[in-house]
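Structures given as structure tokens follow.
Shared chain: subunit A. Partners: subunit B in the first complex, subunit C in the second.
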Partner chain A sequence: MPAKPKIGFYWCASCGGCEEAVVDFAEDILGVVEAVDIVFWPCAMDFKKADVEAMPDQSILATLVNGAIRSSEQEEMAHLLRRKSQYLIAYGACAHLGGIPGLANQFSREHLLRFVFEEAPSVVNPNKVRPALDAEVKGHHLTLPELRHVVRTLDQVVAVDFYIPGCPPTPKITQAALKALLGGNLPPRGTVLAPDIALCEQCPRKATKPADLSFAEFRRTHVTHSDPEECFLAQGIVCMGPATRGGCEAACTCGNMPCTGCFGPTSRVRDQGAKILSSLCANLAPKQGKEIAEVLAGIPDPVGTFYRYGLPKSLLRRRVDLPAGNGNGKES
Partner chain B sequence: MNPAAASVWNEAQARAGAAAQAQRRRVTIDPITRLEGHGKIDIFLNDQGDVEHAYLQIPELRGFEVFSIGRPAEDMPQITSRICGVCPTAHHMAATKALDDLYQVEPPPAARKIRELVYNAFMLEDHALHVYLLGGPDFIVGPDAPKEQRNVVGVVQKVGLETGKRVISMRRRVRELIAYFGGKVIHPVLGLPGGVSKGLKPEDLPRFKELGKDAVEFALFTLQVFKDIVLRNPEYVNLIKSESFTHRTYYLGLVDAQNRVNFYDGQLRVVNSTGKEYAKFPAQRYREFIAEHVEPWSYIKFCYLKPLGWHGFEEFPQSSVYAVAPLARLNVADGMATPYAQKAYEEFFQTLGGKPVHHTLANHWARVIEMIYAAERIVELLNDHEITSTNLREIPQAKPKTGIGVVEAPRGTLFHHFETDERGLITMANLIVATQNNAARIAMSVDKAAKGLIKKGKVDEGLLNRVEMAFRAYDPCFGCATHALPGHVPLCVNIYDRNRSLVRQLRQGC
Partner chain C sequence: MDRMSDEKSGAVGWEPRIAAFFCNWCTYTAADLAGVSRLKYEPNIRVIRLMCSGRVDPQFIVEAFARGADGVLIGGCHPGDCHYVEGNYKTLRRFEMLKRMLSDLGIEEPRLRLEWISASEGEKVRTVVNDMVARLRQLGPLDLPGRFKAWDQEMADLAHEIQQQEAAAAATAQPEVTHAS
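Coming up: the complex of A and B.
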């Protein structure tokens, strides 16, 4: 009997939602377990880095990595798994685009530490103690790792063969990707393994999307009684649908909330935020500066709205004065 | 040797010795520094080879509070859910309730009931995950079973494949209910200030009622499994009651108007280690009662009762440490709001010797009792004639400033506190999450387990598992606790002798 193909799962900076998405295969997970040999999956199985190091290079068919890259350890694991795997797959929005934790690229590490350990309203810390890389406590020497400055996508660290998008990916697109992988039926490297169509194509509200959009105002969700069947954009509510890849089957609009863009752009779009921004702005009803500003006041947080999952992957990437390179301030 | 030569010689020796020691230290620390995002325990031994102190360190921090600044408040339920993909619904709901407070708006009855329905469904499936997959193996398979068997496969062998399938299918169906309202189950989208985005269509009600009925049966079945396997085994009961797994602390949890357990709403109640009420307050007053202490050796902050001041990792009577999560919730309440859960609650305290129960491992049993309550509450809410109402939103009118929301997450009390400008853009976000409330007591549990197991330099092979059992009972989520990720607990234990050199390293999942 030929050996079953080897598959690995690994997490970097992630929330565990991608792992839950795999658990959400529910009864179908038994089929996956039969078809492949899961060689490591740290959240579900005992696993040591040394075990992976001992494997021959390229001996794993595919490793699915979720989470963004935030630390030296994650960077090292990404390189190791790249070497051991024929295919390295970025699984989920954080590995693919940076994800919501990527919004941290707008803020400095010092800002973060100062707030959490000194300024937060429930903290009592008159001596301004901070977690130290080296601490001496009752004669005991204790160490902590350093926090990094910026969040990076997996492909900003190592070459990535395929991407499975979403926050989190659905069981359906994950199973389709695994099937393509096991059947050797794969598209060119670099492909995002999800439908290459805008979300609007899958949205049950598609028929109500106007051919010519015109925005006299943008309405925020909390002050709007939205119609549960009409296109959000037609209602003046920002929806990332036109700039976002389908594949989730419009889960959020079926929950009567607009798309926030977690599947990232289609292959025809380089920068998801710039794409939706230019299309919304091109369709503003007013054409004069002051009136335009009034309409745009309805989108008070453009970065968080247009780049909610994709800041590290975007053309903007990070606040300009944050250290670049490997992100720990020590250029390599 | 003349004194001058001796002095040079000794100095050189000391330098070489220090260099060698530093070298040894560096060799041992290197692998540790690669363990970012994982739990790490450093254990220090004294001259006799007994434990001086064990430290559980959490080596990562993310900073959701800071990158929330400038975001529209109404986006917070979806942004903060990304703190944890295992308990996204807890963060989503705490943030949504903080928005109600921010805009001083009351959701219509149906919206409130839908939130509570979704929330109890979430508590049920999350507790089921812990009972059968994460913490359960310690008891269902057994604390001394080989490690290879202490997992879900071992559980299925013990309880049977049919039961295993029943667990998987029940979790899937309950999660489908959450996705029905939330759009998706992982990172749902239903929460808005003053309501929810989607209601329940009357034609979908029958299948959810069927699910509710099955859920109650499933929860009662789970209690029977727990009784048959754990409570009928005197060794297990003794383990639960043993001093190594016992701490006398304060307890905190949400209660309803009759002081019964409630996950979604109510007042916060604190009882002391004799079970007497110490305080009762609404979430908006949390800063008067709860404070966070910073230690230089961990990124996690340690909560304590503010009026008492920080007294270190101490038990009653010199203590300001409190615990949260299932055991704490049962300890602070006078009872459960549904009949089967109430019956199980009474049996719990009768068996364990009255209130409060200080045995950490009793959390497993308390969790099963909470599953029964959650399932019964789902049935009650689905039988409520208002549940299919289409009046789901109250549009905010007030000018926003400060909003504080609280829920009981599976792992304990969860606070979200936002401040905004006039446009409702976040200027300050403060989050106190379940595991942080428990952090001091968890640290004490790890220290106590280590002290009980390591004697005269002999490291018991069962150490790692027993230490893990001590903190796994809390079902801790260090991802949540540091607002960092991953939200799992791979663990590395380092043991240092009196010279502070590493004598033993035990690892799991890292």
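Coming up: the complex of A and C.
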């Protein structure tokens, strides 16, 4: 009997939701385990980096990496897994687009560290102690990975073969991807393994989407009773559906929440945030600068709304006036 | 051109580069008129003619910055005069939001400018372009391609180290022992 193909899972800057998505296979996971050998999955099984280093290059058929890349350790693991895997797959919004951790690209590293270790309301740290890259403790030399200045997608660090989108990816598209992988039935490298259509195409509310939208105000979900069947845009609620790839089967809009964009753009769109901005803002009712500004005030945080999952992968990547690092923990 | 003034921004020989999206019916015609009238203005704009200012996708603007433009100028017909009736209103609304979003992302407000210039206002093309170039000179280069490169510098040492380790491992590797035949 020929050896089963080997599969790896790894996580970087992520919340654990993508691991949960794999567990959400429920009993279908048994079918996966029957078809493949899971050779690396630190979240669920006891593997160490040395185990991976000992494997021959390219010996893993595919590794699914979730999470953004924002530390030297994650970079190192990305390089290692790239070398050991025939296919490296960015799994989930963070590895694909930067995800929620990517919103940190609005702030400098110093700002983030100062808040987390000194200013956060739940922190007591009178001596302002921060983690050091090198420390001598009781005669032992301890080191920590460096937090990078920039949050990156997996493909901004190493070459990526395929993308499985979503926050998290649904079990259905994950299984379809694994099936394509094991059957050798793969699209060209670089493909996002989900339908290349806008979410609106899959949304049950599509029939109520007006041909001519005209926003007189934007209403926010936490202060709005939204109709469970009418198109969110017709209700004046920001929905990322028109600028977002389908494939989730409209899970959020079926749950009476607007789309927030986690599947990223379709292949025809380069910058998801600029595109939804274009679509939403062009269709305001007012024509004068002051009234336009009043309506637009209904979107208080455009970066967080339009680039919620995709700031690192956007054309600008990051707030452009922030410092860069030189890789030694120093700013350059 | 007085190149000495550029030294203030730390970039010797730097000249602002402006991507200008002009609509076919008004602003492009005005720029044409400025040329025919032999009006002299700063040579820092690269004009891209579109049928309507409403065709300016915000992606074009962001991409212009990402590829090295120091400023982006959009020129359209005055409100009420759009050849396609509504196009310039759409642009105005997008512009209002984009201005706010770009400033949240650290791009200074004078780098993006929207002007209504009718076909007869060749003089206004000159005034607007000269004024924008002067403001950009004060701001200095945006140089996003350079900044992207500087940001990724923090990965260089580690990537180099890994490369060397891999090369060393490949050099000392024994031929793989196989049990086949």
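One rule holds in what follows: the second predicted complex is superposed on the first by the 294 of 332 C-alpha atoms of A that agree within 3 Å, B and C clash if a C-alpha of one lies under 4 Å from a C-alpha of the other, contacts with A are read in each partner's own complex, and residues count from 1 in each chain.
Methods note: contacts are C-beta pairs under 8 Å (C-beta built on N, C-alpha and C of every residue); 3 or more make two chains touch, one makes a residue touch a chain.
Just so you know, these numbers come straight off a predicted model, no measurement behind them.
Chemist: Counting only touches as set out at the top, which of subunit B and subunit C does A:Leu182 meet: first, second, both, neither?
Modeler: Touch partners of A:Leu182: none, neither subunit B nor subunit C.
Chemist: Should A:Ile38 be classified as contacting the first partner (subunit B), the second (subunit C), both, or neither?
Modeler: Neither subunit B nor subunit C is touched by A:Ile38.
Chemist: Examine A:Gln106 and indicate which partner it touches, taking first as subunit B and second as subunit C; both and neither are also allowed.
Modeler: A:Gln106 sits against subunit B and subunit C alike.
Chemist: Classify the contacts of A:Gly289 with the two partner chains as first (subunit B alone), second (subunit C alone), both, or neither.
Modeler: second
Chemist: If we overlay the two complexes on their shared chain A, which of subunit B and subunit C does A:Leu144 touch? Say first, second, both or neither.
Modeler: In the superposition, A:Leu144 contacts subunit B only.
Chemist: A:Glu76 contacts which: subunit B (first), subunit C (second), both, neither?
Modeler: Once the two structures are laid over each other on A, A:Glu76 reaches both partners.
Chemist: Once chain A of both complexes is superposed, is A:Ala274 in touch with subunit B (first), subunit C (second), both, or neither?
Modeler: second
Chemist: State which residues of subunit A lie in both footprints, the one left by subunit B and the one left by subunit C.
Modeler: 72, 76, 106, 303
Chemist: Taking the complex as given, what residues does subunit C use to touch subunit A?
Modeler: Those in contact with subunit A are residues 54, 57-59, 61-63, 65-66, 79, 89-90, 92-94, 96-98, 100-101, 104-107, 142, 144, 147-148, 150-159, 162, 166, 176.
Chemist: Which bits of subunit A are touching subunit C when the two form their complex?
Modeler: Subunit A reaches subunit C through residues 56, 72, 75-76, 79, 83, 106, 148-150, 156-157, 269-271, 273-275, 277-278, 281-284, 287, 289, 292-293, 296, 299, 302-303, 306, 314-322, 324-328, 332.
Chemist: Under the touch definition given earlier, write down the residues of subunit A that touch subunit B in their complex.
Modeler: So the residues of subunit A touching subunit B come out as 11-21, 24, 26-27, 42-49, 67, 71-74, 76, 99-101, 103-104, 106-107, 111-113, 115-117, 120-125, 129-132, 135, 137-138, 140-145, 147, 167-168, 220-226, 228, 248, 251-257, 260, 300-301, 303-304, 308.
Chemist: Can you check the complex and tell me which residues of subunit B touch subunit A?
Modeler: Subunit B residues touching subunit A: 25, 29, 32-37, 42, 44, 52-53, 55, 57, 59-63, 65-67, 69-75, 78-79, 82-86, 88, 99, 103, 147, 151-152, 165, 168-169, 171-172, 175, 179, 181-190, 192-194, 197-198, 286-287, 290-299, 301, 303, 306, 310, 393, 395-396, 417, 423-425, 428, 430, 432, 479, 484-488, 490, 496, 500, 507-510.
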